[in-house]
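In what comes next, subunit A is part of two complexes: it sits with subunit B in the first one and with subunit C in the second one.
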Partner chain A sequence: MARAKRLVHPKGRRVQTFLRLLRYTFLRGLAVWIALVVGIFLTIMVANMGGYVDKIKKAQIEESINMQVFQNPAYQNLTTEEKRKLAQQLIQLEIERLELDKPFIRFDKYFWKSRAFRYLGDALVLDFGFAEHIHSTSGSKKVWIIIQERLPYSVLLFTTASLIVFLTSIFVALILSRRYGSIWDRMSVSLAPLSTAPAWFYGIILIMIFAAQLRLLPFGGFVSIPPPKTMLAYAFSVVQHMVLPLLAWFIAYIFASVYSWRTFFLIYSSEDYVEMAKAKGVPGRALERRYILRPTLPPIITSFALMLIGAWMGAIITESVFNWPGLGSLYMQAINGFDTPVIVGLTMIYAYLLGITVFLLDFIYAIVDPRIKVGGGSTA
Partner chain B sequence: MRKVLPVLRELTRYKSALGGLIILSFIVGLAIYAVITIPYGEAVRLWRGGEEMWRYNPVNAKPVWVNYFTPQKLPKTLILTSMEDAEIREEPLGKTSKKVFITYTFDYQADVPPSELAIVYKPKFKKKGPLVSVTWTTPDGREIKFGRMSIKSVSGSGSFWYPISLDKQLIKQFGDQKVEEGFFNDPHDERKVLKGKHRVEITAYLFEPGAWIETELVIYGTVHGLAGTDHRRRDIMIALLWGTPVALSFGLAAALGTMITSIIIAALGAWFGGWADSLVQRLTEIRMVIPTLPILIMVGMFFSKSIWTILATLLILNIIESSIKSYRAIFLQEKHAPYIEAAKSYGARNLRIVFRYLIPKIVPMLVPAFVLAVPGYVFLEAALSVLGLGDPVLPTWGKLLSDAQGKGALFQGHYYWVLEPAFMLMLTGFGFTMIGHALDRIFNPKLREI
Partner chain C sequence: MDPILKVEDLKLYFRTTKGVVQAVDGVSFELVPQTAMVIVGESGCGKSSLAKAILRLLPRNTHTYAGNIYIDGIEAMKLNDEQFRREVRWRRISYVAQAAMNSLNPVVKVGNQVAEPLFIHNNLTKEEALNRVIEAFQIVGVPVDFVDRYPFELSGGMRQRVVIAMALITNPKLVILDEPTSALDVLTQANIMNALKRIKEEFELTYILITHDISTSSELALDAMVMYAGQIVELGKAGHFYLEPLHPYSQKLMASVPTLREDKELEFIPGQPPSLINPPTGCRFAPRCPKRFSACDHEPPMVNYKDERKIKCHLYT
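Moving on, here comes the complex of A and B:
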């Protein structure tokens, strides 16, 4: 069967490849999508904590309505008893509006209409509802708008950080793997344990040295207050604020990264096909690029992608240590203020980012690794 | 044991592993020492104890060893009691009353003034409390009279605290100087401490027959103990010591639990194949899109901050880890190994093959990964504490960092408060990583060649 297929006319084969690619894309997309939906659903269930959050919400509603009724001058001439009755009614209405009187998942004919699924549907179309306390600088309380406002800050800082670490470590590791056993090589190996500590940890230490003791760089934040007027001064101030977080990130990741890439390249450069190429007389540069780097690209790319996502996620603490106004700080703010919709919204965003990355990685693999063929599993 | 000893012997051949072993045994020793000397209940009681428990400690005092690194000599806390360190003189006044003079003299040689001053009155009386006043004579002979008051009631422990540093009259008198500076600094050069003998005389009028008074003069230093104190006067040493067993047990339990469960699941999936395998695969995909830290944060926030809850959540989340994929790949290869075929042919049951043949075979390969995973979890616990989601009762390293961060330790220059837990965290991280890297070379010979 397989043999017969290979004999198809080249043009037909191209169409076939395309169809196969399409099918593969669809199936992978579907699998990731299902995983995403289930993952987000589980997140929603966790966020609800078996009805515990409902209790908190009810208490909040009670408090705010009681306050409204008892402090509203319009109700001044009501007796306390009447006021209490009115408040009770309003609380009941609000609870019914939010369906807090019904279980999170209803096991009756309204099963698919229960809150859990409604939240899921909303979340899937990025409708995270309204924040309870936090608002964007433009004054909106829509979670999605708040997140949109903070996202660029995180992306700016951590994409820069990840890129610097990634490029430096690959470059250094390639050099080291060529000079295996040299003093630099041994030094890089013995420095690897420095990477056990996370970036926020180095952040605290760096703040101590450069901000508290030497007073060279700012403690944290995005730009100095008040912000400089001119464009150039503004940019300079931002860069100044970025130095310490970038450095913390760099120290936290560079050593382990160099160590593992170096080991990785060393293993790959002792593969048979590399020896073969060497024997054939392929020059050093080409050997490195075509025979060592190319087959190692998929793991390199994966690790970069996961590092990037991890950076946006694990940065919760780093950002709050440096008071950087990105998603991480928002998360912190939401935790401290018990702002559930924001927390759930952010968690979903992370889930989405992870899902999309997983999906994209499959493709990048297929493109860069000559040994993997897209959708080739059943036919080739 | 037969298998462990050679590995240990080989480990000692690597210099870094030897260093790691020394660090690790130090940490384990410290953990055991902590658990033995300060039992769990005691540690929690001490750490959660209020002002009452730590009253004799200075606020935010540096560790004692700071004195070796600074040109200035920093004072330790001096507690003088009337029973031991004072001269007591009595003068009868009429039939029932008497006047008691309690005189302390002490030599102050530190280069900075103390951080706080207080007198503790411990009077015994039935109805009418004593009338007290203080005369402080500085080394240059200035006499300062203050603190005239009658003691009407005492606290549960029978003492009355008179915080000299907060005395309004003295604050007014010394103007822009702090009260301690007023007593201890040279009036001609206000930045320098006047060294020499101070004399503090407490005069008490007792109005009842059989009434008595004891006093303590507390001159709070700016250094305390081997670790210093925090903003609530607590000895940081307690958290440093107790953080060790907590960090170790959390790190080890999390790393071990995660690894064991995910190995078993990977092995079962790979062995049985079919729907079991694809279920495991799909679950791994779902797990990949669930972010760990946010989930932990939500659990900590909504449910419980207890370290055991966090550990359980972590285990549940990590049962289906991404590393399952790589374990599965190894198992799929092993599945067709001759010894497995042999086991099958003599009729071993499935579970026996999985647990007695398949899993033990790859365990050695996972030892380095296990050791290397521990510090990650130790830092995770610290991270949660820094976020304010640490265990509410346990004193841990992360708690120290979190307190220090929250109280602006870095702004105020209390570096020891950050550096000490940071050092412990780093030490633990280094210990495990150094051993892990060496183990990696021992168990994965491919790495050894290069």
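Moving on, here comes the complex of A and C:
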């Protein structure tokens, strides 16, 4: 096949490659998109308990309208019978307004008109509707705006945290894999279980020591109140607020991370080509860079990317403990307040980020590893 | 002539969960320049471990690594790892590994990998190095335009040739070939063996060829060493060994080599090679030996037989 490839004019080959890339991008994007649609639909079904939430909402409407009618001084003169009738009318109106009289989902020709399908359509264009209680600092109740406002905080904190943990553990793990069986190596193995305690647990302890006792660092939040006026002082204050959450995250993840990368590198450093490179006299650093890291870049990048978006989304308790105004504490607020639109919105953002990451990773693999060809399968 | 390689009482033991494996146990020999020594023996007899001990490619579970190795006049055991890397690795000894198919980094172009020792040891520029690589490719018979290819784009035979080109690139004096052709078909094997023979003459190289393929190795061998259970049992000129093996184990080994179109009953040796954890005292081959007698309970000495070879057997004392 390699022969045949060389017969084609290089220019023609480039066009071919481009077309193949285009076709692959389209198909791959479509596949990811379909997976996303299915995932989002399932989220909508679960968040609405397959329509059971309608019943809860109806009960809530009944209760609140009855309360309003029976306790409203304006209706004092009405008889109980009249009040009941009025309440019934108002309830009916509200139910019709929210379309709760129609089934949440139906599997016939009216599927396209059911609310489940409409929610799906809205979610796909990032229209998550309005939150029930939560609002953004700017005052909007639009879920998308609320999420947009919180996302940068989580991205800032957890990209920093993940990068620190990732780079440190790769660096330490490489050293340990070279000193297999040494005291440091055995220590890293026995320290790994420290990572079973979550970051917020270490967070609480760190707050107790550094904020409550020593008064060196703030208890939580993003910046001191009132915020400093100059850019520099503002940045310094933000960094001060980031120290403890970063430290908590670091302690919680570093040991397990070092341990797993060390094992990973131990496996890949016994490859034949690594031994060969050693025999060739490749010095230690270059050996690690070219013969251990380079060939294993795809799994390393994957692990980092997934860890990163996981951290942006999943640090619910840690963010709450440090009162960090990111997505995690938004999650906490939404869960505590039964704010379904916000929960669904957050879950969907996560689904989108995951989908985009998986899509991009395919191309990154092809760049870092010549064995992987985008749209490969046939070498032609 | 001064020996290019002199090994004295070399030991390489490994730590395992079951105990200490004596993979190489007190091996001594000398190589004169431009010879080719073939090392034969069953799988697990310590051939490859011997190669790794000479190259100081020690696994993580090394227990004992002792003895003396003189490479081209240098006392290798006295060097620290960094000195050894600078002075010996690929400057004096190069290596073609047993699993040559996996000896190439999958994500680096083969041209760069072959050129790498030149950057490390000779400080060549990229262009100079590339010219040398092209020369080396021509010598071993790899098409020149393969320099820009990745290992997975090459066939097994071509990859093997690339690895051999890599072993020659810095003009070392000694090349250790650990089963360089065992994964290839017979035609490719013959081709590569011929190339190795030609290269050896052209560049005045010394070879150590480790193999269990006795018939193919006879093409190249000038000296022969037979190993059994981590020890040398017979050592001498290849001509003597191939025509008239003396150690009972060597005899059995030769009798098991098939000959084309000849009505010959292939022999085999009953029993298993001994475990190298707590090997038997006395002669290690005694339990399987057809000629054993009372003396075999004691460790046999290395006997100088007619000054032409050494045999570790009581029959020749």
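To be clear about the criterion, the second predicted complex is superposed on the first by the 328 of 380 C-alpha atoms of A that agree within 3 Å, B and C clash if a C-alpha of one lies under 4 Å from a C-alpha of the other, contacts with A are read in each partner's own complex, and residues count from 1 in each chain.
Methods note: a contact is a pair of C-beta atoms (placed from the backbone, for glycine too) under 8 Å apart; a residue touches a chain by one contact, two chains touch by 3 or more.
Remember, it's a predicted structure, so these values are computed and weren't measured experimentally.
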item	value
Superposed partners subunit B and subunit C on subunit A - clash or fit	fit
Partner chain(s) touched by A:Tyr180 [first = subunit B, second = subunit C, both, neither]	both
Touching partner for A:Phe250 - first (subunit B), second (subunit C), both, neither	neither
Which superposed partner A:Ser190 touches (first subunit B, second subunit C, both, neither)	first
Partner chain(s) touched by A:Ala31 [first = subunit B, second = subunit C, both, neither]	first
In the superposition, subunit B vs subunit C on subunit A residues touched	B
Which superposed partner A:Phe166 touches (first subunit B, second subunit C, both, neither)	neither
Partner chain(s) touched by A:Leu354 [first = subunit B, second = subunit C, both, neither]	first
Superposed arrangement (fit on chain A Cα atoms) - minimum subunit B/subunit C Cα distance in Å	6
Shared subunit A contacts, counted only where both subunit B and subunit C touch the same residue	180, 270
Subunit C partner contacts - residues on subunit A that touch it in the complex	2, 180-181, 270-273, 275-283, 290-291, 294-295, 297, 368-371
Of subunit B, residues touching subunit A in the complex	16, 282, 285-291, 293-295, 297-299, 301-303, 375-376, 379, 382-383, 386-389, 401, 405, 410-411, 413, 415, 418-419, 422, 425-426, 429-430, 432-434, 437, 446-447, 449-450
Of subunit C, residues touching subunit A in the complex	55, 57, 60, 85-86, 89-91, 94-95, 97, 99, 102-108, 116-117, 120-121, 150, 152-153, 163, 166
Of all residues in subunit A, those that touch subunit B in their complex	31-32, 34-36, 38-40, 42-43, 46-47, 49, 52-53, 56, 180, 189-190, 192-193, 195-198, 200-201, 204-205, 207-208, 211-213, 219, 263, 266-267, 270, 313-314, 316-317, 320-321, 331-332, 335-336, 338, 343, 346-347, 350-352, 354-355, 358
